[in-house]
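Chain IDs A, B, C and D follow the sequence of writing; residue 1 opens each chain.
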């Protein structure tokens, strides 16, 4: 059986002392194993990164960017192979995996602009003949810890910007679907990156804790669930590191009475069920303002869901695939059960999907629940499955109060045609990423990604302009030259022309 | 005896349960008392700030900036009075107090540019007919905790920018010299700030811990010593707040053989002894490259120090005044003693200064120490007194290694005429603020202030552009309007002109 | 009778060879005379500016900005006096004159941010150990030529930014209402500006042509009518100067069927008749989409216009005052006549207003004309009087086609509640300044002012960020230091510590 | 014989009415012919561009940028072929042609960052609930007119940025070496650019004048000689177009007594003779401060020039090739003759180079002239040949006065080790591009290229950040939504939760 190892100092390393099974969630079978790095393996990676730093930091940003230009080409050339790897271990259908990869490539494209992004601020004459300027210097060795649900995209949110800013990187990807991540790192190596600048260590808590405690690590970027994000942030901060830790979400869409309902339903379909709802930007709650809007939404959504196809990653006509593990499948079903028990109405029930030929896959079908109330468990927690819950309210303000009262503040959306409603909503809602008729308002790569409240711990958001600030340190130089120097002293004879 | 109270919701409040003495360090006598806020007093301030937030956040940035324009005028009109207050409680001479205030006013001037500074990023067509933009919204209620050594300037580093960005503020100034800070806050009130936007609570650890634990506080800015900075940072971070905590320093100047020595000595004089060395940017170590440079430096510095005058704040011809407390005076003398005991040479000895008429003042005279070695206690720790130590090295690289090996990385400087030496130094030294022939490279108000290593905990520096990012939260909106709306539907008859 | 002179090198200068009458348009009487500068007087001003340039250019931006801080204070303290001067010579009511001044002061406020605005771009390592940065240096002596309709505001669009960027300035204001402009320049002098940095020459074509031909003038900013703007632009460009020349306008508002009609009428009232329509941003054409919208608009507007009060500047309850000259009064009436003759319907007729006690003032009453067609003279030309014309169309696209077909493209507006209509309009309309439910979309001082098509000649807009670029010249420095210099050479003995 | 045609609307077009010979300057023989476009051919290209504009303008910037990503790949893959085409028609050696192409590609890399570069400025609450933002919209159809000396690089300075900003482009390259330019445009087409967005018309004054007069052309970028640049600028400006016209140069290097002379000579060698001196950034005058510096410079330069090899483009070991035409060869020799006649000393004489096997090529050898005086013809005019002239002065100020007195202000350089001399020079010299120990201070692609004085007509420099501003037009939108709209009206019953 294949074993997925680490990438350290440009080489694939296999420290096979501890191994963990990697599943194919479409079949429920173990497909390979992944090595779990020991403390010393992680330290070896850190040492390699530390050794590579001085030369990489001094490499002109334009040259660093050119590695990213080549990396983009390689990612595009290998897109199908990467999508296949993702499908096999994560279960998402190839069109979805390709979409994920594309979003990741956009971060590489942004990183290609490093020479512009790294410009410092220059001030002439802050005092008489005194100049001052700020530079943004790399931090040194930085780390990323990434989740299973986007094995290609989330790592690509982090390391291209970190590296193009002049840092060296240690990535600890999810141990559930490690293959595509490792392969992508190898492509970066192939693109011309010097050995040691990019390193991948697969592993579990031992690897994570080593990264959090080793004093050579200057900064940690994390994406995962809120409890872990909070642990990472507190620990890294206490150890004097920069940290940005992105956690969970419960993203609501407000459906206003004036919304283009067909458009809203069409948008919600993809936003709620795409990737089995295993996205931190999944739209999992629709808040309908008024019963008329709610009834229309339920009716049209129910009809639209008849065409939804759940199945194995390898069949392109499927809309979404299995969830990541057996345990997670049971957890999602448990949330649906609890909603039912607490009085909500299961309009479309995905608890027993039939996927012929994949009876042992970890599937949950698309589920629609009406009359959900804020006090229900399924409302309060992140389900991370293909479940759309509908809450009915009587006013837009009531809908906004609901959203603001939830512990998470990642993404949200409003469906309306009205300029004033949209502006009031986006101005006042306590959520970091807001869509107006856009159900999945993931910022493009040249803006930055980040939620509010307990969806993000840290000052700076992920990727985009904030990533430049996160992965660099400001240095301000103030300069005055003493006079009576070479300029005034060289006057060899009577000047003939002045 | 006068009692210094708090400013809460626009009113001076006196919760006199606990009081602490405030000294005049030039005479050694108690001059007044300061109230120490209880937990409930601090919570009252936080509640006032929270109540003021919704209206202040919605006040156009231009209107917020205009309060700062008026605040600047009032600070300038009251400069002498403020300098007098500082001198009485801190001991610094009036020219120095006015200089401190001026540096503070420059931050108010910068805050006047809020409408420009708060501009967000706008992207047309991130997709077909989809626009996206990022706004920088205020955080809510934020806090500042400031040290005794700059009772006017350091608070002015914080609250003007925080407030002009739309936040409400709780300031906990030093309890050793609280009067000027409170008066400045009252001037801001007079400038037209609505009640509750700016609040001052005097106090001790109880006040600090309330600010660090109350969940309504969104962010904490701190300036003080490194152990406290670290405590503040860890605690605030663990409680889910943003934090920037600035700590101690040990700022070195490299004196190169080609330096303009007269200029260097002249610059070092002010940088080492100004404000009795009680500045986190004080230049406390001179690293001379080669014995020739060292000998020249010692000789010229010794001569120049003959003219230094230490004395009471009220006499303008004095160069610097007392240190802040009796205990601190003894601590500084202890460092000089230890250097002598460990083999350094006391070239100019300030341990027993004669200040006629102020025999009980907390004075230490300007002190110059040669042959200091890295292993000495006086080298390793921050003295925070009027003591300049000289270390002799044989090469510039050796000097830089020394600096990089020290735990602090606040400021540093090189004296040279050589472009290459200056560039190599500023590029490579692991220090956040670098001077080239500028011994006190405090960034101007439109750049940002921050050290590296254990001189600053946090991602973003103080004041300047970084303050905008620290005191705001990014929100990204993505917007698409559904078609088939009013635009296409209104076509009342055959158009007559197209 | 009083004579208005020039301000040259800090002194009021009177070259009384040629004089021109200045009228009080509210009474129709001559109130004073203005000196018309000869070529040599203008050259004297240029020489003064040229002499002042080297020192001013080297004055730190922060110090230059502080002159603007004081200037703002003085303008605010003298606001009533300035409004009085404007009223007397221009005729606008004091609330309007104070509004104009306030808009001007906002440009001074923006200029106070010069240290931030003048930051250059700094790039480390454009090649190995090669740095490069761009500075924005002042041009030298620059000129402004300004119109009668905003004697305070339009000059304040220009010289504060030009001067704070380090340039010296020659202003040629309108000879019809020169007093407030000259007084404002004197306040700037009082604020601490060195002599010669700001100069005012009153005059006519002789002064203008001298400014356009003198090779010491580096740049010319102009605001006025399109034919003159075009002449200024061609001549200045042919003489190798930078030029931005702002001309005429015909600003349309589209009134959509879903508009909040009461709000629209209320907004249009001020935008069409304020300052007698003598504004380049006056809203002079309403394009109603559909007859229902048109009928409602006409009905409500007619009713609202009953309360409009035209009269002398000195009576604060008046809504607007006279037009600038007898000749202009006749021209405006002529346009109304022509509309009537060409078949439009005069709904409200302002051709014979009764202003008791001011029978000789140059008054025109508020006029509303319905059924205006694009081929009418009154539609094609800029009236610059208190006349609102209504064009009826059948679709939004037809309305937009009308606007795009007009030679001017200064400002425009749409009244709607619909997000899609607003976005389509602002995206596609060929006009530089667009309002969405904002009838007078003059950009705030921290954005820039500029029309499209024949409303502006030049690359860069007026005031705001564009003004920084217009009044500075980019210089890019690329720097590499040779090695084997002082740094490597100083190694006096075996290093003891590395 | 081959004929070089035009690229119009994605097709190669040949209007063979008028043809002109294209030479191989290494052999002196005609190698092909180029079609000279008639007015109607140019108009056909403009029409194609105009038709392509609406769709291209609406293409998301990221998609436009992706065409540039592919274009970069194609340019790199075809680099040798392009260098061959350049060598054949221009004569430059392949290493030089590849260097030119690389500099051009860097502009394509910069254009890949369009999504970041096109961000507008967004302001919340410019008034209560009023927002305002500025967009940078493309102009429409724009044109470029480029010189023979950089047939690949200078066009690449222009069209990638123009096109990525959303414009359509008409390029009129030099008719002396048109092949590589046309081929590059075809590669852009191959990269996925829609037909009509990029068009190339070969031609002479008829084509140029058509571009200058056709009202559909919104902007013109030009690089060439100063008399033509001035003509282009005046004509385009008079016709209401934006224009930036870059002209001639006479770039001086100051050699200070403390310079690293070996380094200076080494740098000057390439900067003076590379590409036969046919570069607007060629370093053609060395100003030595003091006779000692001058003597050392002459001696070392004379020695270094012994190794210089002039010859045909096809031999890679050559340092530089022929000049562009027979007529230009004679003109260069004429300047050398005139210097000799006017009293200068020809130290190294390149007037009769021996290039075996290429006796009819248009060669001039590397020439070094000492004792040049400012009044000599060879000093006053741009030679554009492989000739380095040395002027001797007695002080740095005298050297700077010389440079500032010259009509051109393109590039300049100082060789020194002294920080103060470098800063004084770069601050005060009236030249747009300044090198410190960098003889050819061409700004990198992420800064902008532009001279001062008569080296550039226009406000904005070429490529880099200025290109974004040159190729876009600012539009400012101000938006307020009326209240009492959908948000407040939808309240269907008593709210149950607030």
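By our rule, a contact is a pair of C-beta atoms (placed from the backbone, for glycine too) under 8 Å apart; a residue touches a chain by one contact, two chains touch by 3 or more.
Just so it is clear, the model here is predicted, and its values are computed rather than measured.
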Common touching chains of subunit D and subunit A: B, C
Candidate from A-B, A-D or B-D with the same interface as C-D, over half of contact pairs in common: A-B
Subunit A and subunit B, separation of their C-alpha mean positions in angstrom: 36
Distance between chain centroids, defined by C-alpha means - subunit A, subunit C (Å): 47
For subunit B paired with subunit C, centre-to-centre distance based on mean C-alpha positions, whole Å: 42
Numbers and ranges of subunit D residues touching at least 2 other chains: 62, 115, 119, 121, 123-124, 126, 134, 416-420, 422, 436, 444, 446, 479, 481-482, 485-486
Subunit A-touching residues of subunit C, taken from the complex the two chains share: 58-62, 115, 118-128, 133-135, 137, 416-420, 422, 436
Interface residues, subunit B side, partner subunit A - complex: 121, 123, 126, 130, 132, 134, 230, 233-234, 237-238, 240, 242, 259-260, 263, 417, 422, 426, 431-438, 441-444, 446-450, 452, 454, 457-461, 465-466, 469-470, 473-482, 484-486
Of all residues in subunit A, those that touch subunit D in their complex: 62, 65-66, 69, 72-73, 106, 109-110, 112-113, 115-117, 119, 124, 129, 131, 256-258, 289-291, 374, 393-398, 401-402, 416, 418-421, 423-424, 427, 444-446, 479, 481-483, 485-487, 490-498
